[in-house]
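One chain, chain A, links the two complexes that follow: it is found with chain B in the first and with chain C in the second.
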Partner chain A sequence: MPSWAEFQPYIVTGLALGGLYALSGVGLVVLYRATGVLNLAFGAVGAMGAFIAYSIIKAGNPGWVGWITCILFAGVVTLGYGMLFGPALAGRGPLVQSISTLGLALVLFGAIDLAWPTSGGQSPSISFPTDNGGFTVGQLQVTWTQVIALGLGIVITVGTGAFLRYSKLGTAMRAMANDRVITATLGVPIRRVEAAAWLGCGLLSGIAGIMLADLSALDDTTLVFTVVISSLAAALIGRLRSISVTFVAALVIGLVHDLITPITQLTNYQDMTPFVLATIALLVMSRGQVMTRSREEG
Partner chain B sequence: MNRSVHWRTRTAAAAAAALSLGVLAACSSSSSSSGSAPASSSAPGASSAAATASNSAATGTVSTSSCGTKPGVAATGTPINIGAINTKQPGTDFSDIENMTGAYFACVNANGGINGHPIKYFPVTEQTSPPQIASLAKQLVTTDHVVGIMGNSSIIECSVDAAYWKSVGIEVLGAGIDPECYSTPNTASVNMGPRYSSDGAVQYVMAQGASKIAFDQSNVPGTAYIAAGPNALAKAKGVPIQDFTENVPITSANALATKLVTAAGPSGAVVLNFTPPEALLILQAAQKLNLENRVKYWACSTPCNTDFLATSLGQKWNNKLFVNAELLPLDGNTTQTAQLFDAILKQYGTNVSGGVGSFSEMGFTIGEIATHALESVTGPYTIASVSAALKSVSNYNTGMLCQGYTYGNYSLHIPNNMDYTVTPDNGKFVQASTGGGCTLISADDPQIAAYRAAAGTAPAVG
Partner chain C sequence: MIDTADTTGPKAPAPASRGPAMDRRSLTRLSVIAVLLLLALFALPPLMTAYYTDTMTQVAIYSIVTLGLGLLVGRVGLYSLGQLAVLTIGAWVGARLLFATSQPYILVLIEAGLVTMIIGSLITLPALRLRGLYLALITLMLAGGVSVIEATLNFPNGGGGFSGYNGSLLHIPQIRRPSFAGTDPAFYRFSVIVAIVMFLLVFAHLRTRPGRAWAAIKQSEPSALAAGINTTFYKLWAMALAAFVTGVAGALLAGADRELFSIDFPIQNSIELLAVVLMGGAFALTGAVIAAFLQSFLPALLQIWGVPNDWLIILFGVGVMQVLATAPGGIADQFPKDMKRLYRLISRLWTRPPAVTAGSPSAASATGQAGKGGGAA
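And then the complex of A and B:
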């Protein structure tokens, strides 16, 4: 077993990844609460935005042009999907609604592979100016990008929480999460509220996509599936309702995933981290519910 | 209560949807994993000796007309059918190899062909499915009536088809990846493959004084076979070595880079055997965290030898990262071979999507050797006559390899076992100034020793 000192560097890398998982998880939860759709295309949209940003930057444009394009692209595509298919699928069950987003994910996944083939051994990448700056804590090197990743996770979580609690639009979203029909009866423009949720989710997927392209990899499989699974696991631990629990769960997933790295016996199993933690959390929570219902019925 | 049940239903449905994504990702990940076996693939190299051997025109005077015996005269005889199988799937695409071999054949066809016969090329692609690969092999032989297989490069093709090729008497010329490409009698490769290329990288850093090795590769089938080579070399020199394998695609490169640097220590070396995208991730992560100088050396097997990687890394890695190179380094190279490569790529290589690189160099070298062998056939072109011609190739100077190329009649084939070492130099890879010239892979690797016992040691050309 490695010593505590050997574990320390992985706290930094794990928190940075966890911050982005949190940001992604919050985006998933907000959309789910407002529309009932678990957006499985979250990673694919961000991934395509990141690849577009890569091409823009490679063509000689300033980095910020690529980053903003990525975020806007993700927002527009997600909003477009929501507006086009959302109403038609609104009457279907949550499983159908969620799986339909998987269709979008696969279309984008194929498009990325066609537009940015990997032949010839070339590998696209995105880096931020903040990669080359940072500070050291003891023996640990911390880059500004890592700080930004964690900071974004915190800011987005707190900001979204405040938005849902204090803004009119946020209140409408919470109302729709409870009962869509009653909310509509009360005169809330549900299409507009849903559009806002789709757009917000899309913008967050763009931010997550561009950040993960730097911190993790500009790789379609990684961005479309592997990383997003961690965010989904965090959202599920938060029962797709609590953004604060989602945030904490995402940080824990990121931390545990990276802290396993120096344990050579477990390294090849570290990708199981989100599944294992989500399973444990859901089992524990459902056990609590069973006990509560037993008491109520008893 | 209703609300709670409603949420539970929705959450359960969402969980089911998420699970389906997980399963999908697992499938995708597995294809990508296999994809990185190529990482293990190996390829290019360098050769000033070979370069010098064919160096006569330093001013760009070689054109595509020199790839055939009758410049400008299209071949019109009975076609010679040749096939090839390459892996082409998301994350792993070796088709530039057969595409470049096809470009070479197109050049030959436009300039007299093979004794007047054009080569009809049947390049096919597979997606790492053994039944599909076995079926493609049979299709090439029974439907397309190929008389030779030249240009293969696949993650598992050698292991799937080795017995079939032997049963129909076909000798295969390709760019190998899996162990059977080097350890069976009916297949020989122009490249060294992941094991011997990793040997070269480990051998180099040990020669430069690294006191410990952290050897890392993608977690794909065959890693134990690959690691056996570097471990044998390190053990023979008394240098401690620690093996790692990583699931690909890598999702936390920062943590991984930290682990490797910690394992190697300040006087040690990190040696990577990955595809360029994964290797680049690790190296860039090390750079971001200022870890590049926390070890004495970084090294890579051949796949890292692409200018794209050198450009992406920047100057910090000049003379810090050393990459095994199996084929002629083309940057600034003006040998006749290099010029012919450029000319063919420009005129016939429109479908070689990666342009100049290890894969296209391998395809070119296969084209050269195949053409040389086919030209030696005097009677009809049959499986037997083409296989015999291939086996007769001996000490042929391709201008791309350190050594003359010998196919021969051996139970195993590692004809390329002498390599160069290159290092980044402001966005290009150049031959390392210290010990970067043609160097024999050590016979401390028992497979190399076995091959040399059977085939001898081919000297450097030039």
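And then the complex of A and C:
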């Protein structure tokens, strides 16, 4: 068993990663509650945005142009998908709607591989100016990027919570999560509310994509699958319902994932963390049979 | 709307065709299938180059995998994203047994199927209490988890110990094949025969009690429960059957590839697998064969043509969205309909001026499909 000092740096990286998972998880939960679609293309959209940002920055443009393009791209693509397939699949149930987003994930995954082939040359990467600055706590080196990642997670979670509670649009989203048909009858323009949810989810996926490309790696498999699986696990632990539970779960997943690193026997299995944690959570929760009866009955 | 009957394709007329007087249509279908199988078994092998023999062996093996997944998706309504993980478990067990023992190959196939069935059932048993979306998500995570384990454990390559992997082996022995199917064409025939047996096994299930129970569960779980069907038991049965055939396919794959590497089973293939099953048609057994061709034959063709495989992934992605949005029956269901429509259109061209009826047939079929789509969901 490694000593405590060896674990310490991984607390920082784990929290930073957890913050991004939280941000992603909140994006997934909000879209799911508002539209009934679990956006499984979340990671793929962010990954494509990050790759585009990489190309833009590599071409000599200032960094912020790339970052903003990434976030906007993710927002536009997700919104476009939602506008195109949301109405076409409405009423087919969350399962079919969510499986359909896997189609988008495959398209983007193929496109990334096609446009940025992995073989040969320098592997692409994204770096922020905040990577180099930072401060130390005890002997721990903390970069500003890590602070931003965790901060974004907190801000987005709190902000989304407040938005859902106090704003008119947020109230409409909560109403739709409760009952779509009644909400429509009451005169809420549900298409527009759905569009807002898609756009929000897309923008968040762009943020998550560019940040993870910096903190983790600009690698399509990692960004497309690991991110989705980790944040999905967090969202599942939050029962696709509670953003505060999702937030905590995401931090725990990020922390556990990184804290395993120094334990040599388990290092290779650290990517199983979200799966194991989500399975345990699902098993415990399915006792109450709450999960099986959510929106899918409607 | 009870629509499973019209989407089951060749096996649709269930009670009517049972008697001695088999109706002409199913007889024709049966003979077409028989002729195609005979062609695949005897006419194809001498005609194919080694490359295509390999490819067609893969098609035969993957048709078993898509059969299992199609059973889950189309018959029971369980969307599993972890079927590739199940395949790799079967391949691992098969390879390990083939290295460790000198049992006959067919026995190993059955053992690998049984072990995979047990592992698969144990893993999915807790998930089965969940429904729909949650099951799909947990199987996706399962796929991620298993791929991590595979990458660490590696496939057996003739080493010792439990894992059977020895990273420092200079000369890696090949996984053995049955004595009667040592050559590639012979192994191709063997794979086709195993695939036929697996299809018959699943077909027998569909035509008897479990098949009816699955159909009821797919229509509505609460009413199946109300009708006295033990839904968890039958869902587990479906999962176990799918895991068994997939495990057999895995052990077959071990003999076909002769060397297995975990990088050959990337996680995106799990999603691709579901994509091809949906595109091929999850409601018909023929859909499984079409799906296997999409999965294994198209990449081989693209490789010859020099087209990057990524285009295929993009195509599958578009295909999944299109199938879910407009044609839930997949190619197996849609292709005959399209052909009929084309035939009608052409025959109309001969009899009437085309301008009069140009819009009506497509509009009529579109509404028909929309209604069907709602039912199939």
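FYI, the second predicted complex is superposed on the first by the 286 of 298 C-alpha atoms of A that agree within 3 Å, B and C clash if a C-alpha of one lies under 4 Å from a C-alpha of the other, contacts with A are read in each partner's own complex, and residues count from 1 in each chain.
Definition applied: a residue touches a chain if its C-beta (ideal position, glycine included) is under 8 Å from a C-beta of that chain, and two chains touch if they have at least 3 such contacts.
None of these values were measured; they are calculated from a predicted model.
Visitor: Should A:Arg192 be classified as contacting the first partner (chain B), the second (chain C), both, or neither?
Guide: neither
Visitor: Considering only touches as defined above, state whether A:Glu6 meets chain B (first), chain C (second), both or neither.
Guide: Touch partner of A:Glu6: chain B, not chain C.
Visitor: Tell me which partner A:Lys58 touches in the superposition: chain B (first), chain C (second), both or neither.
Guide: In the superposition, A:Lys58 contacts neither chain B nor chain C.
Visitor: With the two structures laid over each other on chain A, which partner does A:Thr221 touch: chain B (first), chain C (second), both, or neither?
Guide: both
Visitor: Counting only touches as set out at the top, which of chain B and chain C does A:Asp258 meet: first, second, both, neither?
Guide: first
Visitor: Just chain B (first), just chain C (second), both, or neither: which does A:Ala111 touch?
Guide: In the superposition, A:Ala111 contacts chain C only.
Visitor: Have a look at where A:Asn268 lands relative to chain B and chain C in the superposition and call it first, second, both or neither.
Guide: A:Asn268 sits against chain B and chain C alike.
Visitor: Just to be sure I read the superposition right, which of the two partners does A:Arg165 touch: chain B = first, chain C = second, or both, or neither?
Guide: neither
Visitor: Chain A residues in contact: does chain B have more, or chain C?
Guide: Between chain B and chain C, the winner on chain A residue contacts is B.
Visitor: Show which residues of chain A both chain B and chain C reach, each in its own complex.
Guide: On chain A, the overlap between the chain B and chain C contacts is residues 38, 40, 93-95, 98-99, 102, 105, 113, 221, 224-226, 229, 232-233, 236, 268, 271, 275, 282, 289.
Visitor: Mind listing the chain B positions that touch chain A in their complex?
Guide: 3, 7-11, 13-18, 20-22, 24-25, 28-29, 32, 90-93, 95-96, 219, 244-247, 249-256, 258-259, 262, 275-277, 280-281, 284, 288-291, 303, 306, 308-309, 312, 352-355, 357-360
Visitor: If you look only at chain A, which of its residues touch chain B in the complex?
Guide: 6, 9-10, 12-14, 16-17, 32, 36, 38, 40, 93-95, 98-99, 102, 105, 113, 117-123, 125, 127, 131-132, 141, 143, 145-146, 178, 215-217, 219-222, 224-229, 232-233, 236, 239-241, 257-258, 261-262, 264, 267-268, 270-271, 275, 282, 289
Visitor: Once bound in the complex, which stretches of chain A touch chain C?
Guide: Interface residues on chain A, with respect to chain C: 38, 40, 85, 88-89, 91-96, 98-100, 102-111, 113-114, 221, 224-226, 229, 232-233, 236, 268-269, 271-272, 274-276, 278-279, 282-283, 286, 289, 291-292, 296.
Visitor: Quick check on the complex: what are the chain C residues that touch chain A?
Guide: Listed in rising order, the residues of chain C that touch chain A are 79, 81, 126-127, 129-134, 136-138, 140-142, 144-145, 148-149, 151-152, 266-268, 271-272, 274-275, 278, 308, 310-314, 316-321, 324-326, 373-374, 377.
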